[in-house]
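Take a look at these structures.
Look at the two complexes coming up: chain A is in both, with chain B in one and chain C in the other.
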Partner chain A sequence: MKSEQQYIDIFTDCRGMIDQHSGGALNTLRDEAFASFARLGFPTGKVERYKYTDVPAAFEPDYGLNFKRLEFPVNPYEAFRCDVPNLSTSLYFVVNDSFYDKALPAVTLPEGVIVCSLKEAATKHADKVTDYYGKAANVSGDALTALNTMFAQDGLFVYVPRKVVVERPIQVVNISRSDVDLMVNRRVLVVMEEGAQARLLFCDHTVDEHRFLTTQVVEVFAKENAHLELYELEETHVKNTRFSNVYIHQERDSVVSHYGITLHNGTTRNLTDVVMKGENATTNLYGLVIADKQQKVDNNTLIDHAAEYSMSNQLYKYVLDEKSQGAFAGRILVRQGAQHTVSNERNANLCATKEARMFTQPMLEIYADDVKCSHGATVGQMDEQALFYMRQRGISLDEARMLLKFAFAGEVVEAIGLEALRDRLRHLIEKRFRGELGRCSGCAVCG
Partner chain B sequence: MLEIRDLYASINGKEILKGINLTVNPGEIHALMGQNGAGKSTLSNVLVGNPAYEVTSGTVMFNGKNLLEMSPEDRAHEGLFLSFQHPVEIPGVSMVNFMRAAINAKRKYHQQEPMSAADFLKMMREKRKVVELDSKLANRSVNEGFSGGEKKRNEIFQMAMLEPTLSILDETDSGLDVDALRIVAEGFNKLRTPETSALVITHYQRLLDYLKPDVVHVLMNGRIVKTGGPELAMEIENKGFDWIKEEID
Partner chain C sequence: MLHSSLWIYKNRMNNREERQNNTNGKKPNSDKKNKFVREVAEKKYEYGFTTDVQTEIIDKGLNEEVVRLISAKKEEPEWMLEFRLKAFRYWLTQEQPDWAHLKMPEIDYQAISYYADPTKGMKKDGPKSLDEIDPELMKTFDKLGIPLEERLALSGTAVDAVMDSVSVKTTFKEKLSERGIIFCSISEAVREYPDLVRRYLGSVVPYRDNYFAALNSAVFSDGSFVYIPKGVRCPMELSTYFRINARNTGQFERTLIVCDDGGYVSYLEGCTAPMRDENQLHAAIVEIVVNENAEVKYSTVQNWYPGDAEGKGGVLNLVTKRGHLRGANSKLSWTQVETGSAITWKYPSCVLSGDNSQAEFYSVAVTNNYQQADTGTKMIHLGRNTKSTIISKGISAGKSQNSYRGLVRVAPNADGARNYSSCDSLLLGSECGAHTFPYMDVHNDTAIVEHEATTSKISEEQLFYCNQRGIPTEEAVGLIVNGYAKEVINKLPMEFAVEAQKLLSVSLEGTVG
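== the complex of A and B ==
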């Protein structure tokens, strides 16, 4: 219990300050979360869902915590230059875990739609937040979710009322900015009421050279016939550690597509848990990982088919170069009675060097007898014949390798619904493969 | 143009080429015939620098430059082209991007500016006609889902785009029906100039009927054992290789 102890101590010592600078539902769950964290401790390699990421080591270093919510000077428009051209979005910023209210988009959202600070929502829209906060996240069973719930003071709240369609994508840029090594605990709550439709794009950036340790818990509630596309794009530096737990609850006829794209990072562990509670719901999970140097990316998914006629698709592709390490574990659970489930899971990986490592574990667990499910994984190397074919045509080895990697990643990019984002990603991925995206334009260290 | 002297080469430690001597002058077409395993494909692979093959001794000069010291891509830039016996499928890489990368790499090597997108597409359109390559194929991934004949036509299309001075056709006729063979051969002939040469590897006379080689070589057990005019190919077509074997023994 070595690395746990410092967090237990901090929580005990700072509880008053944490509460004081937060509010409402966020404060009421802390005791339960603390008890569960104290009981669970950090997961070791023996915990199935965490066996590919060394959690205790990630939490060992001494990070600062900003419970008093002191503001770090930042100009998000200056810090964030990797915008998506031709994509007209309602653009918001979250600096560390604070919703940045000094740069709100000029456009007005449809009536009743809320995009604001979660802390603010916990008092201003207390009923809405209380109904959902902590209801999807596994506070009692996942130590990192428990830890996040203990410490989270703010973040983002998105609410789309019944039958409202938000045409313009909502883009939220999460900026990590600090003058010391910093731990950030960010919380996001997304509620899509019946028939609501929206597209959310989260972009994570680090804008200075300090180490960051970010825990993030995202809870998504998609009510009957709600449609949500949720894009998460990580473009951070090599000294960034990210633990992101996304929990999605889907009611009948809802469609949720989640795209997790790791363009550049340090150590990343993403968990995506989906519960399909209502019949005829659809879930699409797409993942694209591009890693080199000693970057680590671990994606862990669970799709719980708990109702009839639900459908899920998963496609995760990794391009691992140099000494990077990837992991994918995806478990599909088809419960008894979840008849007519259709579920597909595929994980394909390209290890461009002998040093790159990939661990993959597709899992299928079926308790119903009338279902159609598939799961599979491949790990391959660069096609030497294709490389030589291209070189014979005059294409340099580097360029040929780039073309092959780009082609491999393309399948996920083509699945992206937002056309402008698709174009932008093609451009970013190409730059990334050419080594021109060692840092995003705002980041200071990478190499 | 091409001067091969005492070339020895091996793959996985097994010696395949055992002293090849061959000179190709500008404008000449040389046919290389021989049974399976004689070393024909090894020779073409060695010439274009396939890293799977190891040259153990000998020299190859190409337009006065030491070919064996060059990377495969530089050999291509210098004007060497191989029409592959088995063209490789590259899923996800479009023909357009593939050809643009190749053309611009060559232009860069010769210190020329990259070609504009409009000029490039115009060139693609024109060169496609040489082998009657469907525009749909040109928009697909490289060789992916192409029939055998389409793949070979695509090879000659690429040759038309890259305008090599020495082309090696490695069994370009294998797997082609009569019409496809005619299209490929006529396409090749349209691209000929007094300065361009070719080394044509084949088992059959029918391709040579179209290409009309100046010189015919017979490769046996890693060596060129017989050289003659076009009539030699005809003789092999009629009599096979055994009589040559007997002649040597």
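== the complex of A and C ==
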């Protein structure tokens, strides 16, 4: 049986149940999504953007789906220890794909700022959600986005009104918790009105040994002169499969920075699509991957420069150990008329063993002549001379290697705006390289 | 040797000078230095003429009968027919790929005639001297400036001129055969050296390789065969001028170069084609085998008819080129200057299986008007300490699309593999596109793979600098572009380099105003 069939069947069988436990705009888009999923099927290796991740195989196993929104007993404070110390945040939890509203932070957000369950927002703030939901996501062209749109019942809604600056970072901890193998379809909608500013930090954790399959679609709308920093930190386990599609729409003068950090995972596939619709917009995409065992990480980006004077920077770094496999494909598209675009893309990779494998594919597609675009990609290993230098000075080989890897990863860490997160990451990365990081940094399970 | 090359160059220049004078009479005020460029801009495609030769063309269409007929006409042995038939049957099961960044017109494979023989009507054994060659054909070669005649022997260039499908005249064969070098048409090689051909044909590009390779394997008409025996350095540069002539006849060349242990050869290929309205299909295969300590240089200047300013007509150039570096310390270098063809779709590739083998790829691709190019290379590192270099320069103007697509793969056993790639694009005009799609697949921790690419336009500062010093903008652009492409042009043999440089200026004429 083709693996998409079970999803088609389950959708037709459970449509009523899915609708009943969700609401508003989420339900209206399902038919369209279903039609395009049925048409597209799971992307195979022949689909350019999915050639490095075997999607049908990832969706083949039997996973449970929680359409009835049964509550999983969970104590978020278990996971609270994963928090970044010294970082004062407004902390929220999303358990699997449901917003956890039993332990809301005591902080008060600036007036008009909404951080709530997407399901709740679909009825309470129906106008806002309807205006944006599904407008950035490529439901008709991307099978995984279509699948997520078919099944998504809940998730997170963040709204920052005009000219409001949210000083305190908003931290959202996504916890995967289940007693059976579970598939989670999470949906996030972030709307930044004109001149709004915010910092969002998503941390992904698993607290169970079970297999998890997460699909996530994040839609970000940055209006004129809005500033957003979006951090995604993944610390899950080897049986976790993650498909995350992030869609960012930027208006003029907006600045969006996205940081994707994969410290521990099973199979991860991150897609980041940015459309720069307004002039003078800036996008920064950073990625750091540290992988070993048989971990797989695939980052796929597309920056669509659709207006003049826009600027983008991309820096992705991979450290691949043991039998891990990394892939990076970054496409920069400069449309006709998008003059004075400045775009840089860099991907550097370190293969630490013979079995580690790296695919990299930086792409430029340019239809305007007055632009400055460049990309660079390297795959290499540690500098023998640097190792020798350190060993001469009495530093053991392992330590020297660790230092070099640490320095290599450092470039991405230094680009992070939140100082406390930077410190924490340095610590985590060092632990990770020392092999002390069990599964994730500090959950109750890892101790 | 150098003298004679210069002589040819001078001779060609004189010819061009004459043509310039013809058209330039109407423009008395034209800048003397810029004369050539202006003249070319105003005139139509220089090589657009059709020679009326008694061509024997078989009926349009492709089926097993046609394949058998081609084989029979060429008096091929049974195994060759089998090879063609296997390829044809495989081709039938395949679909034309569509992954390239190209807008291809639909090709009706049944509307093409797969065989044209311009030498039929002559003596069966082929021409023995120049007098026996059809005078019309000779004129064509004269117009193209092919140094076919004996008096050009001093140039040190042996020419296997392919016009349509059958080799007309091969010079210097005797001189080469003294050293045991075989340089002849592939159909002749099939008859004369069946063992060699059978051993190597399809060993680098199997008929199952891709759609167009299967098509070519089934219907290939003619091409060149080169064999360099052990320890022999080929004393001259070998060149073949391809020319598509008969209307509606696909040209399916097949080139096979085998360079045995310690041998060396430099092979040149240059192309021009007459003006046509329909798209002309050109699906060639070039196979190169490089054995231990051997070195092969393959240079191409491709200037086929690119279609008119509205994008009508032009040649579809869909070529599979691949070299296999089998032996240790072998070397292969591809150099290409691509200025013609409506669509160019080719990736001259190298499989580096010998330890310490080295491969190079130098390319300049220029597109103007509605031309489209999707070109690049593949470097497959299999052996230890293998090295590859990729230098690609794309120049797009008008409404053209120019893409670089390349793959660097390092296999698990390719310890110490090293690759450096650099792809630069230059945009002249706001309606053209320049794209880079490099793929890297590294499966070895000791490999070092680097890639960098930049896209930019000619800087205002550089232009201003030139203008300040009295160099008009048009000329300045030519200067800058030539400087930009120098790295690649320098790799070409001298006379080719001169031609390539001119081609660059000509192809880009009228793009800056």
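As a convention for this text, the second predicted complex is superposed on the first by the 438 of 447 C-alpha atoms of A that agree within 3 Å, B and C clash if a C-alpha of one lies under 4 Å from a C-alpha of the other, contacts with A are read in each partner's own complex, and residues count from 1 in each chain.
Definition applied: a contact is a pair of C-beta atoms (placed from the backbone, for glycine too) under 8 Å apart; a residue touches a chain by one contact, two chains touch by 3 or more.
Computed from a predicted model, the values in this text were never measured in an experiment.
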Room on chain A for both chain B and chain C (clash or fit): fit
Partner chain(s) touched by A:337 [first = chain B, second = chain C, both, neither]: second
First, second, both or neither for A:364, with chain B first and chain C second: second
Degrees between the directions from chain A toward chain B and toward chain C, using C-alpha centres, nearest 10: 70
Contacts of A:385 with chain B and chain C, given as first, second, both or neither: first
Touching partner for A:408 - first (chain B), second (chain C), both, neither: first
Chain touching more of chain A, residue-wise (chain B, chain C): C
Chain B versus chain C as contact partner of A:116, first or second or both or neither: neither
Distance of closest approach, chain C and chain B, by C-alpha atoms in Å: 14
Residues of chain A at both interfaces, chain B in one complex, chain C in the other: none
Residues on chain C engaged by chain A in the complex (per definition of touch): 99, 101, 410, 412, 425, 427-457
Chain C-facing residues of chain A, complex: 48, 336-337, 339, 349, 351-381
Sites on chain B touched by chain A in the complex: 48-52, 71-73, 75-77, 81-82, 84, 87-93, 97-99, 101-102, 105-106, 109, 141-142, 158, 162
Residue numbers on chain A that touch chain B, as the complex places them: 383-386, 388-397, 399, 403-404, 406-408, 410-411
